[in-house]
Amino acid sequence: MTEINKGEVNRLPGTTVPWNEIVEKMEPIQGNRDMIKAEWEKLDAFAYIYLWWWVQR
Amino acid sequence: MTEINKGEVNRLPGTTVPWNEIVEKMEPIQGNRDMIKAEWEKLDAFAYIYLWWWVQR
Amino acid sequence: MSSQMEKAYQERLNRYVTALNVGKPDKVPIRLQISEFSAKYAGFTLQEIYYDAEKNIAAATKLIQDFDMDTCPGAPNLWWAPLHDAVGAKYLKFAGRDLEENRQFQYVEEEYMKPEDYDAFIADPTKWIMDCLLPRIHEEFAEPGSFRANMALVKGAAAMVMDTGAKAQAAQMWREQYGYPTSIAGMHKAPFDTLGDVLRALRGIMIDLRKRPDKVLAALDVLVDHNIFYGMATSGGNTTLPNFLPLHRGAYPFLNEKQWDTFYWPTLKKVIEGLWEKGIRTMFYAEGNWTPYLEKIAELPDKSIVFHVDQTDIDKAHKILGGRFCISGNVPNTLLSYGKPEEVSDYCKRLIDNYAADGGFIMDAAGVIQYDAKVENIRALVETTREYGVY
Amino acid sequence: MSSQMEKAYQERLNRYVTALNVGKPDKVPIRLQISEFSAKYAGFTLQEIYYDAEKNIAAATKLIQDFDMDTCPGAPNLWWAPLHDAVGAKYLKFAGRDLEENRQFQYVEEEYMKPEDYDAFIADPTKWIMDCLLPRIHEEFAEPGSFRANMALVKGAAAMVMDTGAKAQAAQMWREQYGYPTSIAGMHKAPFDTLGDVLRALRGIMIDLRKRPDKVLAALDVLVDHNIFYGMATSGGNTTLPNFLPLHRGAYPFLNEKQWDTFYWPTLKKVIEGLWEKGIRTMFYAEGNWTPYLEKIAELPDKSIVFHVDQTDIDKAHKILGGRFCISGNVPNTLLSYGKPEEVSDYCKRLIDNYAADGGFIMDAAGVIQYDAKVENIRALVETTREYGVY
């Protein structure tokens, strides 16, 4: 079950699938972890904005 | 039921949800129909490319 | 970039930012917020503006070619209709599709969030938007997981990146080829408006204030950090230009004074202060009349907003907020539509005489300039301000 | 755009296109297809190339600043890893994540399409990709309709637009600031490779040829129009530059001659001819050895391909295809990695003497230039060709 259920995840503003939910699946990370995290978070923030855009008109 | 089932739709290359499947829901179109169609088809072609990109590597 | 255009850009930007910082620039800055008027002026139908991304940009370019302002009004469409079509979005009707090709867009107000949704919304609003709201408001996403719903997400997301990218490229082009900055970077909303506009709609939110005020307060609290993030993310972290805040339900007399104090102001204040802590100033675009609330608004940190005057008493706004906050506005849109150029000219001179003397003032229409404004009146506004508004 | 750079752009493009049209330009055009070597040369790790979009572009920019070629090799990454991470794509391993930060990507070959999928694929391949393939190859899309699956579609689509947009902007920048055209516009595949690479994998397709040849033929037939469309759409309709066709399973001796005639060639020929009817030339990037098939390839319409020589017998290729098709290649990658500059130089001179005399020849390495090439050998290739390759 990969679904994130309500309450299980601390979904802060700007996040849909937080990095700490995903990093486990990536381990062991062989190189520069911060670079991978930063890019994950940028695309995740876009997904967040996509959802909220329909509300923040 | 909005799902398109296999065989019901003539999904030509470059299309995912063909214009003729969607235009009925838009009727009556009040203005320039070609402009709306062209933009629908551009985004639909992108969706098509998104899917096939994972195959055409 | 030619150095001449870069110089013009810096001059305009400096004039604008000096006023935003309540200082006195060389001239009164001119910033017009324009939507459908650009289409009319450039000779495009409204359908073209909503559907054709290139004409949408070209309309704004035509304006800065012909009028000497300090900021580019930006592309006139607020929404790119093909993005809405791709997901089957129900809440806006556009020119050329549901409406005749020169009719202004219409919002279809409904309770897209139900009273029983409050708990799920409060617990995890982002997930609630995905799981509950989008299937209701996007016809193509009515059955999540279906082929069509999957296509709607792919196209919606792609279209948003395309639209954002086209507008960012346009801003770069206006800078390099015409020496113009844009007037705003990003946008956010008052938590009460986030809840009261698209989600619960006017009728729904007014009932909630009586029937379930605690839920409303809890939802508003949850929204504060989301709305701060939204402003930051949509501005791309820009701390030079103001972040647009279109204000709706807070205008007098939607709410009574107690309701305003309880439901509207506390969370809005937190959002504005939160952005200001990150260096982002809010363009407090006070549509309608905000006169009764000026003393409360004066509680905000100095310079944290530019207060935009629509039908607020500008004399009182100037007395209460002036010197601490930049003020912009307020040439009436009715005057721009039905008045004569001389009347517009006189109105602008009065504004400059009465409110611009110490700086901290930006010339603008009272509201967004739409299809009905007359070209000669816009010209009168711009030319009068340029000639008469020299410090 | 400065007129000097535009002039340089037109000169390079004209030289390149003249050769593509089997004509004799002023000099032998130099077109290098470079991937990981750019990273090494620019001083970036491979992880940076795969993860950081700006460094990926900067690496190619560094090459055209330092080497006088006729086309820009383009950004070195074939895939932007954050896009793959966002959907949890399983079939590629990237430097820095699954691999050390300077290891070349690895493809994880599996039968992502099962034998029992043929009928659904043949009936509606686009729907099959969405409904069956993506949940298998994208971990984040394992449960269509779930929150995470929906987010994977949103991010995947957005990332693709971002990546495509960044590369299009880079191409514009290479033209305006450096006077360089790119070497290709868009890509397509042989139907047999579409089926045999990602979908059925080598083992699967080889079994299918014996066990279910009719299904294979039906699937290949379905693919013809899709692959033509894919080439057109990814090129944006560009009819000046060739459309890249990386050829895999058709190299000798993957298939025996009868298999090649039956399964590989007929649908590939249709794709190439279909694109050529629309004005799009194919860059027939024949990886490996294609000597036994040269007579068949000669059946294609004049100029419809540029035939790229890797390990194909270049003498035979020149005899059979020369004069009707441009030929490119074939400086061995082993020579570029382990040879000396004088050896590279001599090899280039031999190529020019033997195959370039009548025009219709483009200097290039035999295969894509990767991490192991030596800088001094690339320099020898470029400088020798520039000096010696003057008509």
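Just so it is clear, A, B, C and D label the chains in written order, and each chain counts residues from 1 on its own.
To be clear about the criterion, a contact is a pair of C-beta atoms (placed from the backbone, for glycine too) under 8 Å apart; a residue touches a chain by one contact, two chains touch by 3 or more.
In this text the structure is predicted, and so the values were computed from the model without any measurement.
Pick out whichever of the two, A-D or B-D, is joined by more C-beta pairs in contact.
Ranking B-D and A-D by C-beta contacts puts A-D first.
Averaged over CA atoms, how far is the centre of chain C from the centre of chain D? Could you give it in whole Å?
From the centre of chain C to the centre of chain D is 46 Å.
Using mean C-alpha positions as chain centres, tell me how far chain A is from chain D in Å, no decimals.
33
Between chain B and chain D, what is the gap in Å from one C-alpha centre to the other?
Roughly 29 Å separates the two chain centres.
Tell me, which residues of chain B touch at least two other chains?
4, 16, 46-47, 50-51
Tell me, which residues of chain D touch at least two other chains?
Within chain D, the residues that touch at least two other chains are 127, 130, 146-147, 151, 154-158, 160-161.
Linking chains that touch, what shape results: line, ring, star, complete or other?
Its topology fits none of the listed shapes; call it other.
Could you please specify the touching residues of chain A with respect to chain C in the complex?
4, 6-7, 9, 11-16, 45-57
Quick one: in the complex, what on chain C touches chain B?
45, 47-48, 51-52, 81-83, 85-86, 88, 95-101, 139-140, 142-143, 146-148, 151, 154-155, 158-159
Please name which positions on chain D make contact with chain B in the complex.
Against chain B, chain D makes touches at 78-79, 89, 120, 123-124, 126-127, 129-130, 133-134, 137, 156-157, 160-161, 187-189, 194, 197-199, 225-230, 233-234.
Once bound in the complex, which stretches of chain A touch chain D?
Of all residues in chain A, those touching chain D are 1-4, 16-17, 22, 25-26, 29-32, 35-36, 39-40, 42-44, 46-47, 50-51.
Where on chain C is chain D touching in the complex?
Residues 127, 130-131, 144-147, 149-151, 153-158, 160-162, 165.
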